[in-house]
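I have placed the structure first, in the form of structure tokens, so that the comments after it can refer back to it.
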Amino acid sequence: MTTTLATDRQDERLQSREGLRGAITDVIERARGGDLGVIPVVVGLVVIWAVLQVLNPVFLSSTNLVNLTLESAAVGVIALGIVCVLLVGEIDLSVGSVSGLSGAVLAVLFVDKGLPVWAAILAAVALSAAIGWVYAQLFNRFGVPSFVITLAGLLAFLGLQLYVLGTKGSINLPFDSALVNFAQLAFVPQWLSYTFAVVAAAGLFASGHLHARERRRAGLSARTTSMLAVRSIALLAVLTFVVWYLGQTRGVGWMFVLFVAMVLVMHYLLSRTKWGRSVYAVGGNVEAARRAGINVRAVYTSVFMLCSSFAAVGGILAAARLAAANQSSGAGDVNLNAIAAAVIGGTSLFGGRGTAFGALLGMIVIQSISSGLTLLNLDSSIRFVVTGVVLLLAVVVDSIARKSRTSHGRA
Amino acid sequence: MTTTLATDRQDERLQSREGLRGAITDVIERARGGDLGVIPVVVGLVVIWAVLQVLNPVFLSSTNLVNLTLESAAVGVIALGIVCVLLVGEIDLSVGSVSGLSGAVLAVLFVDKGLPVWAAILAAVALSAAIGWVYAQLFNRFGVPSFVITLAGLLAFLGLQLYVLGTKGSINLPFDSALVNFAQLAFVPQWLSYTFAVVAAAGLFASGHLHARERRRAGLSARTTSMLAVRSIALLAVLTFVVWYLGQTRGVGWMFVLFVAMVLVMHYLLSRTKWGRSVYAVGGNVEAARRAGINVRAVYTSVFMLCSSFAAVGGILAAARLAAANQSSGAGDVNLNAIAAAVIGGTSLFGGRGTAFGALLGMIVIQSISSGLTLLNLDSSIRFVVTGVVLLLAVVVDSIARKSRTSHGRA
Amino acid sequence: SGSTGADGGTGGSGGGSAENAKVAFLMPDLASTRYELADKPLFEAKMKQLCPSCTVIYQNADSDASKQQQQANSALAQGVKAIVIDPVDSAAAATIVKSAQAQNVPVIAYDRPIPTTPADYYVSFDNEKIGSMIGQSLVDHLKKENAEGGILQVNGSPTDAAAGLIKKGIHSAVDPSGFKLLAEYDTPDWSPEKAQGWVSGQITKFRDQIAGVVAANDGTGGGSIAAFKAADVKVPPVTGNDAESAAAQRIISGDQYNTISKPIKTVAEAAADVAYRFVRGEKPAGKTTLYDTPSELFTPTVVTRENINEVLFQSGIMKASEVCTGEYAKGCAELGIK
Amino acid sequence: MSATQQKDSVLSLRGINKTFGAVAALTDIDLDVAAGQVVAVVGDNGAGKSTLVKVLSGVHSPDSGTITFDSKTVDIPSPAAAHRLGIATVFQDLALCENLNVIQNLFLGQELRPLRLNEVAMETRSWELLRQLSAKIPSVRVPVASLSGGQRQTVAIARSLLGDPKIIILDEPTAALGVAQTAEVLNLVERLRENGLGVIMISHNMADVKAVADTVAVLRLGRNNGVFDVNDVSVEDIIAAITGATDNVVSQRRARRKEGLS
Amino acid sequence: MSATQQKDSVLSLRGINKTFGAVAALTDIDLDVAAGQVVAVVGDNGAGKSTLVKVLSGVHSPDSGTITFDSKTVDIPSPAAAHRLGIATVFQDLALCENLNVIQNLFLGQELRPLRLNEVAMETRSWELLRQLSAKIPSVRVPVASLSGGQRQTVAIARSLLGDPKIIILDEPTAALGVAQTAEVLNLVERLRENGLGVIMISHNMADVKAVADTVAVLRLGRNNGVFDVNDVSVEDIIAAITGATDNVVSQRRARRKEGLS
């Protein structure tokens, strides 16, 4: 044991590895131990993309990928909220209804009542947040299982949605309104997209570097600068390629940028704030969280409200993209898709495990399957079967990795 | 500490109570501690019944209750399977599709291919059991979350159902077939119903008495004979009244008897066999179950197969009752209703807690709400809202009781 | 009980006492808004007019055949004197007819027929015809414009029998038209979002080859239009069905080519009339016989920019004040809609 | 019983009752703890020690009885309330979140810089605390689920030292610890006493009790069964009070072994 | 190291390795247990004792190394396989199902009369076992979730006695037990030895180890650090082997206290 070792590297059982070589060995080691984060999901995604591209050469075309990004935004935002409720070990079955309701409210206020669009959006989101608050009260006070509360909500707010839409049943949002424009036609200029890519990579490097310096000062082990550089350059390469490829046709949609921005914000909130910690703690062991002095009720309240609010935003984006709010908005498989996106992205239904990026990845998996099969001219019966099978395939890769994790004793 | 105390009553901290008085105090004590089993659900049910009867006097009419019993059978059977998967902490989202598929298979084999009805039923159930087996393999081998497996199954088997029904989309079952007759027109003769009631009460007394004798011989505390008699007489009174009241019109349907019989069999299997124990153990702590030498994979396999088989039986009953199998059989809210019935009946989504009777009670709650609101002449929008609110009400009673249980430290 | 023949026990009950009678009006789904918004109020109004003391028990089965069966049973438990039913599943509704007739309650099939077990009466316009009409109208339009390319077909829900009929009708118009059927899609749950997603994909695939889109209802039609708009591609002629007010707006603004207006008022009132006569113990004779059932059929009207004013506004089905809002006011003015 | 200590006691309980269903877990419990005093609570399994701890730390609310803290009668409705009063607890079941890593568990509910967590400072402080307890934890970035029993217990103990408590309650803190770690914890208890904190320590290890406690309170079947000054009482007497008999399995064993050896 | 014992040993391990991610939990572990022998495995927290137990009971499979049981090389892929070999284990984390009651937990996996459970016989046997361990459990029909720590541990120990094992592995069996229960468990271990069973006992309590063990195997940081005959070794030597130094916190404490007393 030499004295130059970092504080967190002194245990002699640790196989210590330094530098780039060490990092690579580390990754291999972690792969064997099944501790790979989102990599298996990404691998699953790549597999599906390859299959779908073989089946239909249009699939990976720039146009189609642009569509894919735009179509994943609405439900993806909803999935982001679902990740939060799943993290605390609860569920929200009503996100579909709430999204439909908020679309309806938006349309009525904006089109029928002539309110400015921001006011209509605000009202819709506020209403949904209030719904989440009511859920939380029922949950905290009476201990009704969230499954039942939100099932009741699913029915009740579907009713309310029908009621709000009233005799018309369907309300068009004007195509030339800013909102519809944003969802359908607003794309980031190519130069700005490249700027975003550079900023992101530079940001990653800078924050990593500062963090590493701070750790080294405190006598802890830290990532080497070369490691950080490699990471940032890899990110830059990926982002530049994506921007360039999408830029072949229409480019990166602002709606997708909004979705990604929300994912980043949620990622920050979940992983770098006290609130995020308490969310994971409540999901892992609510009694332990309570004993640690966390206000468990407040955590549940915040999470339910957040989830409903995300559902509202998702509903508004969906309405904007369709340029209409109607009775079937938010019905069908919005609920299942949102939950499935979260679960495919690695969020546990039992709470305490999951990330915001998981929602993004899971949503892209689901949307890829849906878009890929849409391009094939199949009978409905076959389409359903194939969708099921492909969905399963996408997840098996991830599950095998996770399985090896448990067999290696990681919870 | 006197020597006459039963082995299990010797701890001086136990407030010991004997006889009928003691039993009553015990119930009150348990009520305060929130340890009431299904009583809160029953109370919730009574509340709902009262409300619905006030709203529409036809609700508690004999005709309507006869309908209610028959209508609850199909989804009730499915809920029974759901209870099993929930008990091991997993879920099956595909019961709706599987039930629809098995109805379709039955119809095709029976009507189109002219197989005898028993063979068609057997084939449908066997196919579904095979589906459950596949789920279990995917779950055991790859560790794919059951949510995702069965979501894929939901889609795939919906597709298969459409495919089996082919271009026709809907197949009628002949009205004069034994199956349709059984589901629509077969009622237990009144004398036989009364006999059932007496046999049930006598059986309860006899088994209780034998058990008590055995316990007393082994030096353990046991229920007194008077307690047992009171219980049996109460059961007899309830059953006789039910039989009499339903007998005012058409009586007790054989299909409902079948459902209740299945509940009783599942109750026995879950509470009185080694297999049942292992189901609860796996749901409570799968690692502990594994370390106790339980073949955890076999338990999962049996449970998934059982659930799919019950779904098949439910699907067959639904097809028989409708005298048709069509594309929308098993679609819509069959899944949610079956899961909700289980959850309302006190089954935990996290595994390890729940009973077969819970499925029966939960189903009756759901069917009562649905039937009660059908009788009211409401707009769809209002109906949805009211359904949601009433559903919530039904569960709040139970939840408050359960909440008090946790606050009294019972898990 | 037991199965009764089609004409066996009908017509005999009631003996003319229409006072306080109850009539069940059972509708199939919420996917189309017309049942809640048009059929129900129109039927109720006519019934009120014919028989002020009668009550109408309205139920919507939300696309679930067994739910509809349950609703029929509970209507029977409430002692209705007649059932007007738009079956979710035409085949499965046979059970309902059986059990109603076993209790001497006449059944009037509404909108969709019940082929296997004859009901007591059938009032409708038929869905297959609707499909062929919107399809034909589009094909004619394309021919007139000398359009090139093929047609996309957006059907209704794969689990909805009515959608199946419409699909059949559309095929009967599109298949022999000479325009290639590029692709077709059964939209799960009639979801406009799904329709939009599918059409977006097809735009990627076929780009300029799309001459027109036959959508089976206004919701999926709206979704298809949004897909073209979002792809920043010129919107080809798109059909619809149901004459929703949102569709009227799109037709006025020129985004949608046609929709179809069903004479719901006429049909609903005819149904109320027949039901009332059954309640009074009469046994009305049909104008024709279809599926062994005395029947009365009405023809719907295809609505395009040319005739929208006349069909929807001048007839009073829609009010200009509700449709001609905001950006649509200009189009209304052009078409002379007031 | 201990009226003499009441005046300067930080924490005192009077007549605490708690029943679970049909089981009376605590009956009329009295207890006093003064600043700079180590009170050992001992008793048989199921005697109610942990229940008492949970009442004090706001996990369970008592059915009746009064709690006096700093001469004020208080109500402890929640663990957060107990934290606010300055009562830190190491629970017997540890109450750690298995999905969080060691640092996250240590700082749970008292993270540094809530809006932008100061990971570096937390990690440094974690290593300090763990070293101090001579914990053998190879990495603090692994989920607690993968730690050994003793490592977890060390984490739980380290956590209770983080705030600035007035009373520390340790429910069998050394049960899973190795010999070195146990010694460190006993050293720690002595340091806490020197710093004027009140310590309640539950233990089944009479040697440890004799080594660090000032007062020994015995519970038996949910009731007080004597409070002793540690210097006035022999281990045999304590065991007799715990088991309710001077002739018990422990004394028998001891006698047998003596015989065997001699 | 212990070649002399190999011939008559029921269970012997050679060269067992196990790593978890970057942590080498066990490196080249050898161990022998003979019939009628009590082997105490001691070591610091995180030394790898429980990992070793889990390897033996089929919970984890080792990365490399051989296990010989009854002179045959065996593979223990699952706990069920261990049960079949006749290895019964009391785990440190107990591995009880919280939602099941005491009887259900005791007989889990070995219920009497599988198709129509014999509840009465199981309850009677449960009371017998628990009395024998002088457990203070008021009722056996409550879920294990509501038992105290010591009560649970007693349940776990009682469970291991139910089958007809050849080897019993006890991972810190007395950690949460009261003085009386601890004495009963030590008595029990002696009875097991007399009945010719092999016993592996893990403990941090050197007094207990000295009292019942025949051999003491020391693990340190996942490696063998000596096997001693209990009669030839002093507690100080064992502690020195555990901590890796003769001058350690335990000896310092002891010295300080002696000073203080004298």
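Order as written gives the chain letters A, B, C, D and E; numbering starts at 1 within each chain.
Convention: a contact is a pair of C-beta atoms (placed from the backbone, for glycine too) under 8 Å apart; a residue touches a chain by one contact, two chains touch by 3 or more.
Keep in mind it's a predicted model, so treat the numbers as computed, not measured.
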| item | value |
| --- | --- |
| Chains contacting each of chain C and chain D, listed by label | A, B |
| Touch-network distance, chain B to chain D, counted in steps | 1 |
| Chain pair, A-C or A-E, that carries the greater number of C-beta contacts | A-C |
| Length of the line joining the C-alpha centres of chain A and chain D, rounded to whole Å | 43 |
| Whole-Å gap separating chain B and chain C, where each centre is the average of the chain's CA atoms | 39 |
| Residues within chain B bordering two or more other chains | 11, 13-14, 162, 379-381, 409-410 |
| Multi-partner residues of chain E (each touching 2 or more other chains) | 20-23, 136-139, 146, 221 |
| Per-residue multi-chain contacts in chain C, two or more chains | 30, 36, 158 |
| Pairs of chains, among all present, that meet the touch criterion | A-B, A-C, A-D, A-E, B-C, B-D, B-E, D-E |
| For the chain A and chain D complex, residues of the former touching the latter | 7-8, 11, 13-14, 211, 214-215, 218-220, 272-275, 277-278, 280-281, 283-285, 287-295, 352-353, 409-411 |
| Of all residues in chain E, those that touch chain D in their complex | 20-23, 43-47, 49-51, 92-93, 134-139, 142, 146-151, 154, 172, 175-184, 186-187, 204-207, 211, 221, 239, 242-243, 248-250, 252-253, 257 |
| Chain D residues touching chain B - in the complex, by the definition given at the top | 20-25, 60, 221-222 |
| Interface residues, chain C side, partner chain B - complex | 1-3, 30, 36, 55-60, 62-67, 69-71, 73-74, 76-78, 88-92, 94-95, 98-99, 116, 158-161, 164 |
| Touch list for chain B against partner chain A, complex | 89, 91, 93, 138, 142-145, 147-149, 151-163, 336, 339-340, 343-344, 348-350, 379-389, 391-392, 395-396, 399-400, 402-403, 406 |
